[in-house]
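Each chain gets a letter, A, B, C and D, in the order it is written, and its residues are counted from 1.
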Amino acid sequence: MAENPEGWKPKILGLVCNWCSYAGADLAGGARMQYPPDIRIVRVMCTGRLDPLFIMKAFTDGADAVLVSGCHFGDCHYLEGNYKAAKRMFLVKSLLKNIGLDDRRLRMTFVSASEGAKWAKVVEDVVNVTHELGPSPFNRKYGELKELV
Amino acid sequence: MATKNYPDPILNEKLRDRYYHRDQSNPEFTKEIEKIAGTMAHMCFQCGTCTAGCPSAPRSSYRIREFMRRAVLGLEDEALTDPDLWFCTTCYSCTDRCPRDLAPTDVIMAMRNLAARRDIVPVNFLKTVQAIYSSGHGVPNNDVNRAAREKLGMTRDPPTTSMYPEYIKGIQKILDHYGLKERADRIIKEREG
Amino acid sequence: MAEAVSPTTSKKPETPRIGVFICHCGTNIAGSIDIDAVKEYAKTLPNVAYVDDYKYQCSMPGQVNIREQIDANKLTGVVVAACTPRLHEPTFRAASKDGGLNPFRFEMANIREQNSWVHMHDREGATEKAKDAVRIAVAKAALLEDLYPKSVPVERAAMVVGAGVAGMQAALDLANAGIKTYLIEKEPSIGGRMSQLDKTFPTLDCSQCILTPKMVDVGRAENIVLMVNSEVEDVEGYIGNFDVTIRRKATGVLSPEEAEAKGIVGGGCTGCGDCGPVCPVTKPNEFEMNMAPRKAIYIYHPQVVPLLYTIDWDSCVKCGLCVEACGEKKAIDLEMQDELVQVKVGTVILATGYEVFPIENKEEWGYKRYDNVITSLEFERLICASGPTGGHLVRPSDGETPMRIGFVLCAGSRDNTGIGKPYCSRFCCMYSLKHAHQIIEKIPGAVPYIFYMDIRSFGKMYEEFYYRIQDEGAKFIRGRVSNIQEDPVTKNVTVYVEDTLLGRPMEIELDMVVLAAAVQPTELTNKTRKLFGVSCSQDGWLLEAHPKLNPCGTTTAGVFLAGACQGPKDIPDSVAQAEGAASAASIPIHKGEVELEPYYAMCIEEKCAGCGMCVNLCPYQALSLVEKDGRTVMQVTEAKCKGCGTCGGFCPGGAIWMNHFATPQIVAQIDAFLLGGEQ
Amino acid sequence: MTEMREYAFFLGCIAPNRYPGAESASIITSRRLGIELLPLNGASCCPAPGAFGSIDLNIWYAMAARNLVLAEQMERDIALICNGCYKSIYEVNHKLKHNDELRDGVNEVLKEIDMEFKGSIDVWHLAELLYDENIVGVEKIRESVKVPLTGTKIAVHYGCHLMKPKKERHMGSTEAPRWIEELVEALGAEAVEYRNKMQCCGAGGGVRGYDLPHSLDITNEKLQNMIEVGADAVTEVCPFCQLQFDRGQIEIEEKFGIKYDMPVFHYNELLGLAQGMSPSELGLDLHAISTEPFLKKVL
């Protein structure tokens, strides 16, 4: 991580569903499982709600990474929203590649309401990967393409 | 631990303080064991499954559960100086059955490694080292066997370091890298003069 | 990004005035977050008209303050930065409402579960995160709109899935509360596991004696529609209006009612039992743990409810002898087919129970390899007066009476190997104590050996029971059994264990060993829970809405849990939870209507191109295309929409407005996070 | 004869230097079953997992790695006939393949002798190759039998390091396995079940050297359990267990005054007998315990 710019802290957006991952994150809290604070959560009822444009918007706004987290397949509170979200995330990943962004900056995971430990682990992973990748080129302050945006 | 300095050494020993005192625990010992053994030794909950299936327990004072307890509490000296440490036949029955999914056998091996660093190690182990250093084999060939092999239509020496002694150099280099041969010689000399 | 304007707001939205209330939660939040810093920061945010903090925002003074400030500062929106909305959103919505604000003008910033509790050693990081969380919440609050929950009528009927003691109790309570209750059971009789037990701890009253009256009550109850040999096939709808499809498996036997309906007067099965004896096929009886025979047309035992015979199609040879034997009653129909029944209910209770896990997978104990190693449930049948041996405990190998019997506790429980179960099965300690008592009582001179790690006798009068059994002469050996060896000749079993208190390995030859095997959710549990959208924990047990404050509820409104399906439970706990679940399930039904969160989708018609992509995306068939003044546009059937937003997430024209999670609101949150704060 | 599969034959110490019959029997019987065991020139002690592992696991890794590299240079998988060797060679190969830190450490040392562990080969116990239908399989063994061992009762001793620890092996049940019994029954003999079948022979972990009576007492218990069910002979797949049972009986007689005369065979010696090799070809006369009473039953 030495090569990362002084003072940069990853800006990571977490888009999570209300029923599984948000509850899982709460459980991690109840159990006092410590993980890095670099993520900010926006809650939706279901990952199926997520418009690919939300993620693209986040990246053009300079997000260094985006974590999308829903229920396990077969466990979706709305039957199949997470399948649809997963499909869309593949689309977004290819979009990211096309505009020259490392698609590891977008991660979709499945964390159930009982997987507090997994949530902590996932966030830690995402933060580590983001540190590996460094600031997004579109990062408002540290990205090499910041003038562009 | 509080030491009693009574003039009579026999009484001193008889009345030795049996309390456990916190300073007898060395947390580093537990960590060291877990590093070498690659198992979460501190998670032992003392169910006794290990001892119950242990082939050495019913014929000696060796209790692997107690060694696990010593690992949990970091009772380094107690564990490493106990001669029972060398009664494990490494049959891995305890490891297969441990409900906490630990590997007591590997904890014992780790403790033996740590004991060996203090030169606590039975002579027979070191003699194997010497044998391998000189011949490449822990159980070397001998003339009786050479004759027997010949009778079976085999080469007098197997195609190992016995037939190709030039390979022994490499083995000695590896052992010398760790200075094991000198240590073995030294310790055996100390014990047997 | 398409800037949608809500179809509901005709007038231009007023300039927002947001009040921010930051909670210390004692030191839970204040301990790792600099409240003053967050407070000062909040004051600098656009649209923020008032900022305050308080030790316990959820307390009465805290709520009163919110109420007063709304009025005093003409607030248009309220943000509370505190715990998770899953805990206190309802509280603060109510407070906002009391302040004269629409409750949906409230937004919560989670700075406890997802901040102070998970960043306890990073005060700076946590404080920064809290500032961002408040900023994001304020951004959303500024765009929130008045919403009005739709209240829908609740069907005056309930369903209970599983008719063990928990399901039966729940059904009886609901029925007695005047609610029509469908009781669904996959087996041919109700009663569940409890009906297999001989005695119950710690009172030692006979399980059958206290259960059968209940079973009869269930059979008789006016308000209970009992469906045995039945499984839930499909579920649609939501709280108040669940449409459930039940598969009634063909039993080959008509009840008197069914016979009547078919015009067979005075016919149908009376349970006379004439059919059984003539049946040429013999099979093991599952109820007796396969230790007694039954015919292809059978009942489990004489006390079954309902008293109707059942045909096991896998073994029936359709010889027709039973049909002859039945004669004029014409109760047997060898051509009977499964039927699907549709029922509508307002609320549902799942009580799908437990089963014993395949203990033979713990090979060291030799179950299924050694004749005289049995499970506790097998022991219950062998010691039970109505069991295959008439209550005379015998060893399977030779029918001899065992005198030295070992009980292996934690057999597959508290096991992290991946073969057993990591959890404590909770009732094994107690029933094993009971088993010890039973052999001492029944077999003069018999000695029970109990091999345990810990005796967990936590319930009322349980520890006293432990005391009693020890006094009666049971031998307690504190050690987990490593392995069991069978004597090839005598078939005696030798247990290898360490008495960890003595520090001594033991080799104990016994006549018989009983494994207190770990329990797991029943086979159908996973299928059923998915139909109702209920989550489970990693070990498969159904997940309660809150482990402490909502142990009977689930995350699916209107679906509740009772008994062991939620985790291993003994009879008292199962019955207690069943009554809790019944009371919870009856509330919406007695209220007669429930409010649904108004998170449904709406079509912004001027933007809708009528492409219809969304129509197929909707898992609830809530969307359709309609003609409106010459244009094809999408239309939402609000009652069907559950507000998942899958349509809104896809609509290429941004023509779908998701109430409370509208595109502009979510985008505002994203922007607030990434563009709002200091870069 | 199907195409021959070639393996580097890792001998270890005890087979070649105490039971040469087991070595030659393995080569000859395998050849008849489509397995060519090639000499692994310059191989050494595995080294003894008990002795070396106890002193310093790192030295154990390095020494075993040297043997592995010899086979890598031959571009052949290793086959071996000793459970102790199996633990060293199989386990170290597995560990080094999956633990980069460990591998780098070992390669540091191997550099001094111009060697590098690449992780390009696998390690097999000959017994598992014989049991695997895709390699040999019970049927093929049955077909190769000329002198069925009919009428004999044989107690199988699996030994420990072949199958345990279960999680690091791939051979199924370690409590009640039957596969070596199947191999024995393929020779026409009856494989008898006996109490505590999976118990250790007592020799491992350096205990035989550390406290001979202690280790013999374990062996003695096993022998009694075998006698109890009327076994005519013991078979194993580990020359160290073989030594413990065979020479052990002499030592048991000296130390405990108990005489058994229970013949002890490495499985490949039995296989050789069944395939028609003569006792002298198999060097059975080198066993400490006479195999005559058993041979009388079958020849």
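Just so it is clear, a residue touches a chain if its C-beta (ideal position, glycine included) is under 8 Å from a C-beta of that chain, and two chains touch if they have at least 3 such contacts.
In this text, all values refer to a predicted model and were calculated from it rather than measured experimentally.
Asks: If you tally the C-beta contacts, which comes out ahead, C-D or A-C?
Replies: More contacting C-beta pairs are found at A-C.
Asks: List the centre-to-centre spacing of subunit B and subunit C in whole Å, with centres computed as mean CA coordinates.
Replies: Computed value for the inter-centroid distance: 51 Å.
Asks: For subunit A and subunit C, let me know how many angstrom lie between their CA-based centres, rounded off.
Replies: Each chain reduced to its C-alpha mean, subunit A and subunit C end up 31 Å apart.
Asks: Two or more other chains touching the same residue: where does that happen in subunit C?
Replies: 364, 483
Asks: Could you pull out the residues of subunit D that touch at least 2 other chains?
Replies: 174-175
Asks: Among the residues of subunit B, pick out those that touch two or more other chains and give their numbers.
Replies: Residues 93 of subunit B touch two or more partner chains.
Asks: Which pairs of chains touch one another in this structure?
Replies: So, checking each combination of chains, I get A-C, B-C, B-D, C-D as the touching pairs.
Asks: Could you please specify the touching residues of subunit B with respect to subunit C in the complex?
Replies: 45-54, 57-58, 63, 65-66, 93-94, 97-101
Asks: List the residues on subunit B that touch subunit D in their complex, please.
Replies: Interface residues on the subunit B side: 36, 55-56, 59-60, 86-93, 95-96, 103, 105, 109, 112-113, 116, 121-122, 124-129, 132, 136-142, 145, 148-149, 151-154, 158-164, 166-171, 173-175, 177-178, 180.
Asks: Subunit C touches which residues of subunit A in the complex?
Replies: Against subunit C, the touching part of subunit A is residues 11, 13, 18-20, 22-23, 25-26, 28-30, 32-38, 40-46, 48-51, 53-54, 57-58, 61-63, 71, 74-75, 77-81, 84-85, 88, 112-115, 120, 140-141.
Asks: If we count contacts the way the header does, which residues on subunit C are in touch with subunit B in the complex?
Replies: My answer: residues 364, 410, 414-418, 420, 453, 478-483, 496-500, 503, 505-507.
Asks: Can you list the subunit C residues touching subunit D in their complex?
Replies: The touching residues are 363-364, 366, 369, 483, 485, 487-488, 494.
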